[in-house]
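Below you'll find the structure I mean.
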Amino acid sequence: MTMLNIFLLSSTSLIFIGLYGVLTRKNIVKILLSLNIIETGINLLLVAFGYVENGEVPILTSSESLKNIVNMVDPVPQALVLTSIVIGLGTTAFALGLTIRYYKTHGTLSIDASDEEEVMLNE
Amino acid sequence: MNSSLFLIIIPLMGAFIALFAKKANRLMAIVITLFMEIFSIIIYLSGKLPVSVEIGGWQPPYGINFVLTPLSVGFIILINLAAIISLFIIRGEKSYQFYSTYLVLLAASNGIVLTGDIFNFYIFSELTAFGITALIAYPKDRKSTGAAIKYLILASTAAAFLLIGIGIVYKTLGTLNIADIASKISLLDPLTLELIIILMLTGIFVELELFPFNMWVPKAYLGGTASVNVMLHGMLGTAGAYTITRILLTMFTVDGSGLLVNVNIANSVIVIALLTILVSEIAAFNEKKIKKVLAFSSMGQMGLIIFGFMIGNEQAIVGAFYLVVANFVAKTILFVLTGEFIAMSGSGNWEDMKGIGRKHPVAGLAFVIGSLSLMGVPFFAGFWGKLGLIQGAINGSAFMVVGIVIVLITAIIEGIYFLKIAHTLFLEKDSDREYLSKARVHSIVIAAILALAIIAIGVKPGLIESNINSATDEILNSTSNYIDIVFPRR
Amino acid sequence: MVDKMLMMILIPLITAFLTTIILKQHKVVWTLFLAVSGYLSYTLFTMYGAWDLTWSIELGYKIFDSNLVLSLANNPLGWFFAFFASVTTMLIAMFSIAFNDDKHDSKTAPIWLILIFANIGIFFAQDWLMFFGMWEMMSMSSYFMIAHGKEIPAKAAKFYLSLSLVGTSTLLLGIISVARLSQTFDINASIDSLINLFATDYNKAILYIGLFAVTFFIKSAVFPFYMWPSKAYAESPDDFTPFLSTVMSKYGIYGIVLFILPILQNADIPALGQINEPAYILAVLGAITSVLGTILAIFETDMKKLFAYSSVANIGYIVMGLSTLSIIGIQGALFHSINHMVIKSAIFLSLAAVIYRTGEREMHKLGGLAYRMPLTFMVYLLGIISAAGIPPLNGFASKWLIIQALMSQNMLFVVIAMIFASTGAFMYLFRVLASVFLGQLPDKYKHIKEAPLLMAIPMTIIMLLMLAIGVLPGIIMKPVNAVLIGMGYDVQEASWTTVHSAFSNSDLNVTNIFYIFMAGAAIALVFYLFSAKSVKVTQDDNYTAGELPSDWGTTPERFNFSYGFYQPFKEMFNPMMDLISFDRWMAAFGKIVERISNGLSVLYTKSEGAILMLYIGVAILIIGGWII
Amino acid sequence: MMTVFNIILYSLFAILVGLIFLGIGRKVAARVHLRYGPPFYQSIIDVIKLMSRESITHNFVMDLGMVMALTGLIGTMLYIPIAGHIAFESNTNIIVIMYLMAIGHLGMAMAVSASGNPYANIGVSRALTMMLGYEVPFFTVMLGLIIYNQSSSVMVINLAQAGSIWNWNIWQMPIGFIAAEMALQAMMGEKPFDAMIAPAEIASGPMVELSGRYLGLGFLTKAVGVFVETALIVNFFFGGGTSVITFVIKQLEVFLIAVIFDNIFPRYKIEQAVKFLWIFPMGLAVIQLILLAI
Amino acid sequence: MFNINSLEQQDNQDKLWDKVINYFRKRSLWMLHYCTGCGAMELPPVMTSRWDMERFGIGPMATPRQADILLITGYSSVRTMKRIIRTYEQMPEPKWVLAFGSCTVNGGMYWDSYNVINNLGEYIPVDITIAGCMPRPEAILDSMLKLMDMIQAGEAKAFRKYKENYAYYKANQDRLFMERGPVLESAALRYVHEETEGGEA
């Protein structure tokens, strides 16, 4: 069980837990939480992809560090993860805002509540 | 050609400025969009296409690049056209949020088309999702909020799939550049490749309104205003159609054939496309709310386009491009007019729209023309698409022939409900019903011009044939036309 | 010089837009309509013989590695149908001016003009795409025409529309399949390539022909698509119904003559009796059509529906005639097509005049109109004599030709069906006569007047036309034979008076029959004139076993025996009616689709299942792509 | 001129023969009832009386219709060869004959419907239904003849039977003859197929409002009809005739068969009649047709 | 040739043509029997093989339009009288009425009932009355032969009497039915109601 496998396993489990949550929860806040869990899982996965056992920081400080370039952790996934986190944050913030609106208009946080909108539409 | 960055930067800046421009924000939005439209047309006609723009001078695959080909710029033109139309038919929105979000959406959908980098693609598609969700939710009432939430959840879940796919691509190929991926795709082992394709397809199919990924569609169309509908269909839908050409037909193809690398996946996609057509047309058959009918029809047309792309031979792809254009124009007419009709009759039900066609014959005729084009009647633009599709399918395997038979059967259903609605417009008005308002002239003018365009293309398909042929050529010879642009030295 | 062909399709189209602008001025609009149809008739008249007249347009759409060209060409067969169709249209147009007054204006002139435009296009189309385009134009515009902005007609037109769309879909599929075979859209080339296909792949060839045939059958209401006319004809504008019945029912016939007939005749198909198997199927379908059309017409109480079924039965005759694949049969079929145009325009116009005056379509609510509208009555009477195929008028010779051809090809049971249908025709034709024009005049129609002059003129012209064709069949037979010569058949020039038969000593001099009839009439008249004079009594003075009908509260319309005119006969057929009711099947199918549609709609309103559906989609992709 | 003379002669002959047939028919019927019966010329007296009587018309359609009825039948008669003679040079086409006869029916139906009496309409409705019943089997028999002789001309069929008595079609196609006889019974409106007249039920049906000259014309039509129908059967199955006398005798024989059947049968309801006609004569005719085709 | 108008000139009985016509008329008498009473029982023997009236050309008919003779068998009530008059007026001319049995003359055994017509002749013109309750078939046949003789002689013209004295009959009818207006509306076309009273039979 290498470290990488642990990372992969945990990230995949996180993703699946999130997917399950999205599927089964009816409360919007819980669904958003599940989405966040998925995102965390993905971030972990991406970082794991760039992970190198006993790797070094991928910063070229000197010509010395050039020798260790093989051991360096891939920096691109980390950049990706950073972006992804930002986007995830944005999504969550925006979704929570919408959720507040949802609660105001529907009087509940259950996703079922929006089913009957069609019926109430024509007035 | 670095100026093509303006296509994204100007709207983003506009989105920021809109926070401060109090009353002028509508004007500003129009100016920006018009500028973009003119600018993209200039690019298209400049003769410098195709070109790859390296941002910051970083060479791909290490830097981020934009790819400007006739295909992508053509789509940009369409997207911006839809944007202008949607701005023109806005009813009374004055707040800065709307325009700000709209400009973000514009930037993001342009970005989807222009980008040559798959992670950027992810970011832009997330941005469009935000933008459109905000716009759908903009009326702030019950139905729009519900629709927005539903869409947001679906889109976020799908984006997660997309991101996983991108991650695996990076893990296996070590690159995020589309051209680079396309050239290296044969190095992948089949199972990984399939996993990647499945994950990425899941990501984009939500936006492409394919069944069963499209549970958000009717609600979103119903929740949004008319202008948001035009954006949803004209900007997002068109960008989605572009996505399919890039992701499926450039990135994951057998070199130079226009066919997906994996036949099984291709067949599954065809099945999904056919399911979409079938489900959407049948669902629309008995639907009373006109916006939902149009939403279902949009789904169906999207399914048709993807079916065309998936058939993969030249005729079918030409047909699919014709369908993209025809669907774009015809649906825009219908959405624009539907907005007016709903405002007039005060009801979203098409049965309550009796007599509108008699009051506004031009609008009624434009509606009929739009529906006939969608049905694929000859001498209207949609026919050439349908013709190409059928021809391509008949030249293809027996599976495709079955598919085209299903398409034709659903065309019957589509014809019935569209003409039923079109005829309802010409019924005599119920005496107890008064129109709440008058139709706005500029909407009708827009619809009429687009209707004339449909007839022009229908009678003389040669008008856009060269453009479509170059686009088809680009897809069929993706190596020479895409990879070589990005990596001229290889 | 402006291209004649182009003018012919452009003028209706331009007039259509013109009339849209001035739609409210109904007099001007309908006069323009008459002018256009007159112009077309004249142009077509001058075009006879100019078979090299063509017009084409290049579309700039590449297909089969060559640029797509849409073209129209003057050809004998198309000219034949187009000319007579436009003459009929002209007569109907004259009627329409009077019919569409302030009260009755259906505001359909523009659509009708588009229909005429499509009409010309269909008959002169040189390639399949033009044909298909015009066909679709015709289908769509006729839908709007039938529905004409009213709710109940729109419901009826839905059936027509759905069948039309089925037809256009199959036609498109057929066209593309055949065009792929011949690598061009040219009609003649496709005929040749299909003939070749029969030699190599029989089943495929039959399938391709079937795709076309379905379309043509639908448009001409051949079994099993015989139900829509009763709905569509009944609800369409009353002045449009003649057009629907006369011109539009011939599109399918034209298609069969144009495309299916040459193939069946020239292809190498195993023979079955004296003709081949597909032709036999055609004959049987024609026979079923005419028999069912007749039976359903007999039971109908709505007069327009009744004649809709009558049209169906007549189409059956024509199809039977074509299926013989013999010259006599094709002559008869083409002749009957024109006769049917004349007859049905007479009948439907007279009915339209009745409806114009009374506003009533149900036969049992009418009665005794012959005494108020004698001219209309005469037109109708001659119309039904013609339609029943009784000698001195025009319907006879063509029916005779068809029967002769069927007999000479030994298609015995088809002949029996034909005889059944044409004898049954008496039943329904007479029913309308008795119920609408004869019998007691209801009180509310006591003061109605004869149809206005502008309606009377075309009706009279048609009446004379029927008589003229009846006495001198050469009027139609000469063009028919010219057409056949143009199509490459080996026929002589037709004589003015005689029609030829396949049997020995059986050539029929139609003019002689007229003389004989006149002789009979003279003798009968002598008997009539030399007998004692008669006394006229009022209409309600009837033998009722001494009772006074009014004592029992019997009003004139109730005194008429007309609602269940053939009740005992109908009861004989009651057990079969459910089986042959195609529209009930269609309605059931429509209901199923609606139910599924509602279910799917509900699926889309649910929020909860959205993610589940997404996962299902992923599963489909995984199963389809990965596992399989 | 000769033709005009011929036409007058032939029609008068047919009318006379038809009327006398009707009289003989009544006489024979009386004898079947064990009565003395009227004189054989009774029908002529009836017609003259009717013609001389005041008659009641409801409108012009009645006049038109009755004249049309007689016109149709006389026209048909002129088309039929009588012992090889024919009034008018023509090809004596069977289908023409069938259709010309129809105009008589149509005229009659129109005239009586014009009276506005529901009984008349009921009668007409039954008559037309019956017509659908008998025309089909009758035509099927004729179809057999046409196929057999490869000609649709009565004259040709007639001539083909010349020579010996064994050449008659009655021996060639006996089953067809039986079918034709059954159809003929209905065609002449004799029992068991006289539901359209039914005097006690619907007051003689179509004739209910006819009086005076209209009834007279109706009688003449009936007479010519009897002549035509019997002449057809004689031409088809009994080899025509060498002379007019033998021809008329054969006709009488055919007519008497019908009269005798008329007197020994009760009446069918209309749907029973049609069912009967579509099962038995039709079945026989089809059997005959199949036998011929094989 | 055959002209109904010749009937108008009733005095020209010596005209040969009328005699010929009268011969045909008498030899072809079609009757409509209006069977109101028991007398109808006597008709079948007259028609069938015992007496066989068809040998004189006499036969039953279904409707008044076709009939020459109206045979009224038995007593008539007020209600049936209306029908009888209507039927009679519907018959074309020439037409004759045979009143059958005592009831038609004096009301018979029900003479004192409130609704029985005692004398048929007051309402419609009767040519021949057959006495007896009920008359034998021989009597019926005899009356027929008598009628035939009268026709040949030109004496049977009761129908003309009705036409000429319509006012008288009409007055009687109106009194009977206690209402004015014609029984058969279209009869007004043929039977002109003269306002001058006093047309006696």
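Residue numbering begins at 1 within each chain, and the chains themselves are lettered A, B, C, D and E in the order written.
Just so we're on the same page, a residue touches a chain if its C-beta (ideal position, glycine included) is under 8 Å from a C-beta of that chain, and two chains touch if they have at least 3 such contacts.
Just so it is clear, the model here is predicted, and its values are computed rather than measured.
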Problem - Chains touching both chain A and chain C, listed by label - result: B
Fill in the blank from the handout: In contact with chain A as well as chain B, sorted by label, we have C
Completion exercise
One chain's C-alpha mean falls closest to the whole-protein C-alpha mean, and that chain is C
Fill in the blank from the handout: Comparing C-D with C-E, the one with more C-beta contacts is C-D
Fill in the blank from the handout: Looking at Cα centroids only, farthest away from chain A lies chain E
Handout entry: Between chain B and chain D, centroid-to-centroid distance (C-alpha), Å
Key = 78
Completion exercise
Averaging C-alpha coordinates per chain, one finds the centres of chain A and chain E separated by a number of Å equal to 114
Problem - chain B-chain C separation of Cα centroids, rounded to whole Å - result: 44
Fill in the blank from the handout: Rounded to the nearest Å, the gap between Cα centres of chain B and chain E is 96
Handout entry: Junction residues of chain E, two or more chains touched
Key = 2, 4, 63, 65, 90, 92
Handout entry: For chain A, residues contacting two or more additional chains
Key = 19, 22, 111, 114, 117-118
Handout entry: Sites on chain D at which at least two other chains make contact
Key = 50-56, 203, 208-209, 212
Problem - Pairwise chain contacts, counting only pairs that touch as defined - result: A-B, A-C, B-C, C-D, C-E, D-E
Handout entry: chain C residues within the chain E interface of the complex
Key = 530-533, 535-538, 540-541, 543, 545-548
Completion exercise
Counting only contacts in the complex, chain B reaches chain A at residues 119, 123, 126, 130, 133-134, 137, 140-143, 145-150, 152-153, 156-157, 160, 163-164, 166-168, 170-171, 176, 219, 222, 289, 347-349
Practice task
Please name which positions on chain B make contact with chain C in the complex.
Solution key: 146, 149-150, 153-154, 157-158, 161, 191, 194-195, 197-198, 201-202, 205-206, 210-213, 215-219, 262, 264-265, 267-269, 271-272, 279, 282-287, 292, 315, 358, 361, 365, 372, 377-379, 383-384, 386-387, 390-391, 394-395, 404-405, 408-409, 411-413, 415-416, 419-420, 423-424, 426-428, 459-463, 465, 469
Practice task
Flag every residue of chain E that touches chain D in the complex, lowest number first.
Solution key: 2, 4, 7, 21, 24-25, 27-28, 48-49, 52, 54-57, 61-63, 65-66, 68, 90, 92-94
Practice task
Note which residues of chain C are touching chain B in the complex, please.
Solution key: 20, 23, 58-63, 129, 132-133, 136-137, 140, 143-144, 147, 149-151, 154, 157-158, 161-162, 165-166, 169-170, 172-173, 176-177, 180, 593-594, 596-598, 600-601, 603-607, 609-611, 613-614, 616-618, 620-626, 628
